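Below: a set of structures, written as structure tokens.
Here chain A shows up in two complexes: once beside chain B, once beside chain C.
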Partner chain A sequence: MLTRSPRSRHHGCRSFPEGTRLKVLALGKSRQGLAVVAAVAALFAASATGQPPEREFPDAWYEPPKTASEVGLTSFSQSPFLDGRGLPPVEERLPDDPVVIQPYDSIGKYGGKARITLWDSWQFFNWEHALTLSADMRNVLPNLAESWSLSEDGRVTTVKLRAGLRWSDGHPLTADDFMFRLNHVFLDPDFSPVTYRGVRGCEFVKIDDLTFQYVFPEPNPMFVNFFAQYGSHMLDPMHFFKQYHAAYRDKEELDALVEEEGFVSWMAMYRALRDWGNEDASKVPTVRAYKVVERTPTKLRLERNPYYFKIDPAGQQLPYIDEVDAIILLENSQMIAFQAATGQLDFAAFALKTQDIPLLKLGEAKGVNQVHVWRRLHISDVSIQPNYNFDDPKYRELLWGKGERRFIRALSHAIDREQMNEMIYFGRGVPSQVTAHPSSRWYEQRFAEAHARYDPDYARQLLDELELADVDGDGLREYPDGSKLTITFEFLDFETPKSITMELVRDYWREIGIDLRLKSVERRLQAERAQANKMQMTLWHADKVTDILFPLVPDWFYPHRTGWDIAMWNHWARYYQTDGRLGERPPDDVRELQGWGDALRMATTEADRTVAAKALLEAAAENLWTIGTVGQAPHPVVVSKRLRNVTPTGIWGWDNRWTLSYHPATWYFDESHED
Partner chain B sequence: MRSYLVSRVLGMVPTLAVISVIIFTVIQLPEGDIVSSTLDRLQAQGVDVTEEYVQNLRAQYNLDKPLVLQYFYWAGNFLTGDMGYSYLFSRPVNELVWERLGYTLSITVSALFFTWIVALPIGIYSAVRQYSIGDYIMTSVALVGLATPPFLLALIFMHLGFEWFGVSTGGLFSPEYEDAPWSWGRVADLLAHLWLPMIIVGMGSAAFTMRILRANLLDELNKPYVVTARAKGVRPAKLVLKYPVRIAINPFISNIGLMLPGLVSGEALVSLVMGLPTIGPLLLQSLLNQDMFLAGSLLMWLAILTVVGILLSDLLLAWVDPRIRFE
Partner chain C sequence: MSEAALQPTGAGPLAGVEERQAGAAISPRRLMWLRFRRHRLALASGAFLLVLYVLAAFCEFVAPYGTTTRNDDAVNAPPMRVHFFDADGRFHARPFVYAYRMEVNPDTWMREYTEDTGRPFPIRFFARGEPYEMWNLFRMDRHLFTTDAGAYIHLFGTDPLGRDMFSRVLYGGRISLSIGIVGVVLTIVLGILLGGIAGYLGGLADRVVNKAIEVLQCLPSLPLWMALSAALPVHWSPLLVYFGITIILSLFGWTALARQVRGRFLALREEEFVMAARLIGADTPRVIRKHMLPSFSSHIIATATLAVPAMILGETALSFLGIGLRPPVVSWGVLMFQAQNPLVIELTPWQMFPGLFVVLTVMAFNLLGDGLRDAADPYSTGGMK
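And then the complex of A and B:
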């Protein structure tokens, strides 16, 4: 049984009321039960999610953006930077009804050249997606598109673009640009021999120049989330890229071009152009706020896109800042932290780390920069993944047994998350198990706190119950049969402070007699050993936990895929992916979980989705598929003294594309405070 | 002399050929290749990777051919001056190397001169004035220089620059000169930025050279011929420079060959820390990603530098020290 734990052994575990566990099983009895419990779930959702969190950003950032006609704006102005360039007047360059963006603090003024590193180019001037995300990461909002709809059966997503949008070279942006990307990049057999999960089986239907549909063979109601979050990959300027694409260009001509430009294939050339990877970057049209003027080995020079489609409430075409210099560094070197600390970069965040904050704050004390401390999105910076399918019967028995969870719970209770928070995060992180992000409508505090209490005595008691005793007197426990119990922990140390966290965990576990051997591996080894099911225990950071991505890729909550980031149940996931052809049949409880995963992905009503989401989260909290540590960690966002309108707080992560909903186009320079 | 030179140069050919085989093999040794590291990236973006996809990518990159063929393909092109294609950067290796070579050379060559200019006089001074205050100070500095890895020095200097002057010391140009065309101002700006990496990269080898010179010179200074010359009234400065230094300098010259590659690899770490646009970071990236052509070509150049350096130092030795005869 998945969640059985004899009552007598459960008394110490106060953090999680026992009754709730039964609910998971009751809800999950049968798939037919779904509709029946939907009504219950709606109630459940209303009471549990409570009030939306207090709004820290302008109200406009939570709603579909207004357009000029809606706010009564009729005259528009442009930056003096564009004067005298022989461009059409600004009214003609803007779309028919431009999008009005509310700045965070104040209406800005034009001018200036920003200095950043290339690492921050996705943050300082965002991609423009057809749909975007609300500032609370709960909803999808229109952006390039003015509206979208989902068919009753959840199979068809219809998108309608704004009229009069243009690429940075003045060419109109239409449905064809989306068609081109889907049919000739995602679905092109040369370009993508294997189709991205998000668009598998997708068919593009063009209704007119501005309206188009993505049609799926199965219900795919969450496609819109994918389309919004991954939106930068959903359109390419067809009029430009078709000259580099085999479907539109004579093969010999194209081959000659590839040869001349020094690429191995036209696909490589296409990718390099799209990523602004070589000198030709300046030719590539964009919808982003800035376009490339020049690319040198050390620098990417950009200037404002004269056709950018957003304006401020005063009718000024955005962005405010005229030019951007992005320094190209191969490594995210220590130099970035120093340059940020000395105020030489106007914006720096991507390459900075929690432990850089004291250094950066020194700069703030000297009055050369402003250091904002945002929160990283990860619900847990380190989430420990025991491998339930590891090729060692004794170890598997320990982790799973007959659904036995005491071993994992003991490990979790042995971790002093408060101390960890103090030591690594200056006490500014949030101890948490792996569950939904607090911004999520499905977040519940009890999920985050489940079995997270620091209680080594209780942990020892659980291990004693499992008859893991120290037989040879070395202070470390052995298996019940007396053989050595040693856990080899292989992990890739990047992005979050993983090494230092795991060193603490090793010490905590040693306290309760568990022998953990840490082994840091590099990227390739992580990928290979994870895929080959060779890792006894490993870790990753727990992102993809917001309302946007959790329903799409609930990676930590049921076995449905494998990868370098998830090595805990390869055989079960493979069984699920191949409908039982490969892998290993999971226990019934896990099969049930996979059923909930399907339900979450395909649910067409909010109520059904909530039932499934809660079931997955509840089961994760109860069973601790992964062990969480500390999350929502402080992340430094350093801006120069002159930069305005950057939000002092925010969520830093992939789910919300870092700054997508904080509108970097409204950032501007106020030089009056310069000395 | 000429036949010696010819035989040495001819001898370099098999050496380099063997080195190239070793380089190629070592890069291929770890499991995986550029395809698997590309896959990592794709997987991070949510692509399910299948066996067919892997095969397809391998074929695109010619990785499905036998290793021997891959080797000859690479080596053959290298000989004709085409270093191949970097899958990691989607660009020809030649371009990547050319745009960074100048910066690497300016740092390493200036570090080399820094080493000589600092190490020679100080080494001589601390040998001649053994156990003087000056000797102690120089020795301490040299030991610190020897014991501190360059990347740590870079970090320390950057911290000090920040603490004392409130400036960051990374990069090779000020913002206003970064893409300006070459001019005297730009050269001056480059020099203003170059001295720090130069000192950091050169410090270790300067300290090393200085210690060797001091030790060798101390051996020579007490030899009878020196005593005799001194007794006959040769001026002290002339005496030291003309006889013992010439002998003591031998190991120093024979080291030049090894110093060049040492400086280049020392430069790599310093550049990583300080964010300099040199070849070092390129090499690291290519090795991490098993970008065969880029990594192989860069390593091959390091090998060529070493071999040529050793030849140069042998020739220099023969020229400086008349006792050495060509066999």
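And then the complex of A and C:
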């Protein structure tokens, strides 16, 4: 039932009694406690090695993959699909010492054509990175690379590739392909006017064809995480893309080509090719398990890459499935849910939502599909972002003024996360503020629970203290000067159940007298308005919270970048990005936070890193830069009845690239069970 | 001037014309009513719409709950059955519903509701329930029907947030039905004004208005509505958006009516009684008001009635596409927007009730309009024997 906020008006002066004063930042404490924290970290590390974590996946997925010579495999076989195509024998197409991948359940059989949607093309057959991630999201493992090392000062990352790797057109994969991507895409001033922060100042040093180094002017010990998680963006087939790049092609010729192909610039053409965006996609060599055969506006047809470098324990070249048809159903997740529920897709997950589970399970009951329920990685499915740099002095004063953190805390205490969990997540999510993922070594329960208690009375009290009273008697509070306080909340309703969550939040906030106006916007508008700092409040889901990405892109913990998914402190972030040339100088407390962010990224010892990480997490828990709701929610992964080796559980999210460590190349069709 | 001479003009009944024809036994008004009464479907539709509008006007009183009241025990719950006989077959004079018993099926993840026969909730009429403000004026807490505190009743089931569909459909009806009427009033004003100018003045004014009508009728209405409603500022309050949408809808709705009015004016301008009035010395406004308008007002009413469903459908379409009215405003379009997914069709079909109401309302309006149109011309056979 809708309860009205109390009508009592608060006429006190604007100073707060000493006891209720809120700390803007809680950094002093962490600093004093440096030694203590380091000791705790050491203890934690010890206990972590003492008891091996519960393993739900094959042991091999937690360790560097074995090679054929290590397991004693000497003969290899290929799919009959490739027979009689005039290709070199499989032994020559595989690298010198192929990588052996342990399937989840059983050794598979060749054949079949998978039906998926384009949404799931990053999940059904992953990108192949030089390095990859372990199934517990804690370690980096070799993939295309055979090994890597980090110099003692943290500045130099050396990578050594496996010998004999080839692109899908048979061309050898070498250090040049990595060099090309870094020097001519990331560091090319035309291509990237603003250098991506992860590679700023980076220098590429080629030792030999297979060995190379990324050298940074400052310590960048976490580069290897970036290189593993973001690895798909770290190499391009140089021998192919040379002809589309201004550095290697005659300017006039290139311009003519751009014109002929109908692009605005060669960069746009390059990007389109790389993203398989037009019909030329079939020409682009790849190291992924499948290569494009045909691309039409409605469909992407793929077939197995004959030079794929992984084999199964029986010596069969992966992948098992020969062909993939990816239909292009853009922005229509309901259509996908329906197709998945009626068994028309072999794999669907990306566009599905928690609410779809009963519908999908209906398909399972009818015997047309299998529904696995994974857990989303997001620590919070909805992370509410108040815009601290919004162009309205009264609103800014509320978020970051004399009232300190009262307003945000009031908003947080007004949310009934338990009820939200029951109503939206079938009670199977985890209520949480935005903090590190439980798999992280820096996770602490108190961070997740900070100011998350449902206590509307306390919330009202905090708002009363801010002198936000209901002057005109409509049940909604006004600013202290009597003008209307409404919050316009624009958001992109995508991936997680954002709309229904916000409807609940709107009700909760109305109960404490805060008027929230929801407006769901489409993707382009979201990007535009977020970048232009026009959003009063918005949201995104809180991923990038695992040990892989948190140290690199702690988006929710201090202002360091802007983007369509983060619009809470654009000016402060821009100031930081441009060393004070643009944007607005943040308050000292925020400058300090940014310092901790730098420390986290550059720390070369585990102890230093832990201090910085805890400082950021502690500050976020204390101050609630963003408001968390419910996270680690059930995520449906629908597979057809014939698809095998898909894990029944898993973590679903960007940090671990969804299925990267669950080896989709080992998925296969068992047609014997087909009705 | 004889009765027969009037007929070919199709000018309809001369209601309001002061000089009555000697010997006319039945007045045109009475004739219209008689004609209308013979159109059974139209009569029934009219009665249905009347009931609907009364319900919508008094929805605070009729609905047991407000639009945002959540029942946390009933998320996506099916409609309740009203019982007179309890589980043991005993008759109760006071109707009652049984409480929900909910279980999440661990296999299907579905919320399965059954009737908890141990917990009957008697239905109380004109009893105190959730407090509300009648028309934002009077604080009241009496409802047409409700249950005791702690109990609940959901005749149309609930939505994913546990809100009562019956109440929401009623509140939604208020918005959707009134947008039809308000929009049509605007349409009539615009249509008569512009059509009248064109028809009465003729010449350049006529040509300009006609061209404008042609241009507007050429434009596909849905994309234009979409463009215009996307242009409504984000920060507008729901009430402003409501008026914005109404204006957008009527901006394109007036053309048909204006054409008819213009045609009537052109025809009537040359009529003898108009001529006579003018010769006696009546000025233009008086001629229009006293002599011309009344002679085709019944046509306007019929046309307007037929235009109402277009307005309702327009609002529904815009809201269904998510660019019309937005929550927390509840309209049938908004409700249908929330129900537009395969999950609803398959698992919670009762959330499509608003759609049913739109269909019924539009049908009723069309039938009523048909009846009115026939009745408006009581001297023609109108396709009836």
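In this section, the second predicted complex is superposed on the first by the 501 of 675 C-alpha atoms of A that agree within 3 Å, B and C clash if a C-alpha of one lies under 4 Å from a C-alpha of the other, contacts with A are read in each partner's own complex, and residues count from 1 in each chain.
Criterion: a contact is a pair of C-beta atoms (placed from the backbone, for glycine too) under 8 Å apart; a residue touches a chain by one contact, two chains touch by 3 or more.
Since the model is a prediction, treat every value here as computed from it, not as a measurement.
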Exercise for the section: Have a look at where A:Thr296 lands relative to chain B and chain C in the superposition and call it first, second, both or neither. Expected result: first
Practice task
Could you look at A:Met423 and tell me whether it touches chain B, chain C, both or neither (first, second, both, neither)?
Solution key: second
Handout entry: Contacts of A:Arg510 with chain B and chain C, given as first, second, both or neither
Key = second
Exercise for the section: Report for A:Ala268: first if it touches chain B alone, second if chain C alone, otherwise both or neither. Expected result: first
Practice task
In the overlay, answer first, second, both or neither for which of chain B and chain C A:Thr604 touches.
Solution key: neither
Practice task
Give one of first, second, both or neither to describe whether A:Thr158 is in contact with chain B, with chain C, with both, or with none.
Solution key: neither
Exercise for the section: May I ask you to decide whether A:Gln334 touches chain B, chain C, both, or neither, giving the answer as first, second, both or neither? Expected result: both
Completion exercise
Between chain B and chain C, the one with more contact residues on chain A is chain B
Exercise for the section: Could you give the residue numbers on chain A that contact chain B in one complex and chain C in the other? Expected result: 334, 338, 341, 359, 362
Problem - chain B residues within the chain A interface of the complex - result: 30-32, 36-37, 39-40, 43-50, 52-53, 56-57, 60-61, 85, 87, 89-92, 95, 99-100, 155, 158, 161-162, 166-171, 175, 178-179, 272-275, 277, 281-282, 284-285, 288, 290
Handout entry: Contact footprint of chain A on chain C as seen in their complex
Key = 66, 68-70, 72, 75, 104, 107-111, 130, 160-162, 234-235, 237, 322, 326-328, 340-343, 346-347
Problem - Touching residues (chain side chain A, partner chain B) in the complex - result: 115, 192-194, 196-198, 262-265, 267-269, 271-272, 277-278, 294, 296-299, 301, 325, 327-331, 333-336, 338-339, 341-342, 344, 359, 362, 366, 368, 522-525, 527-528, 553, 561, 563-565, 577
Practice task
Spell out the residues on chain A that touch chain C in their complex, using ranges where they run on.
Solution key: 1-2, 334, 337-338, 341, 355-359, 361-362, 364-365, 419, 422-423, 426-427, 486, 488, 490, 500, 503-504, 506-507, 510, 517-520
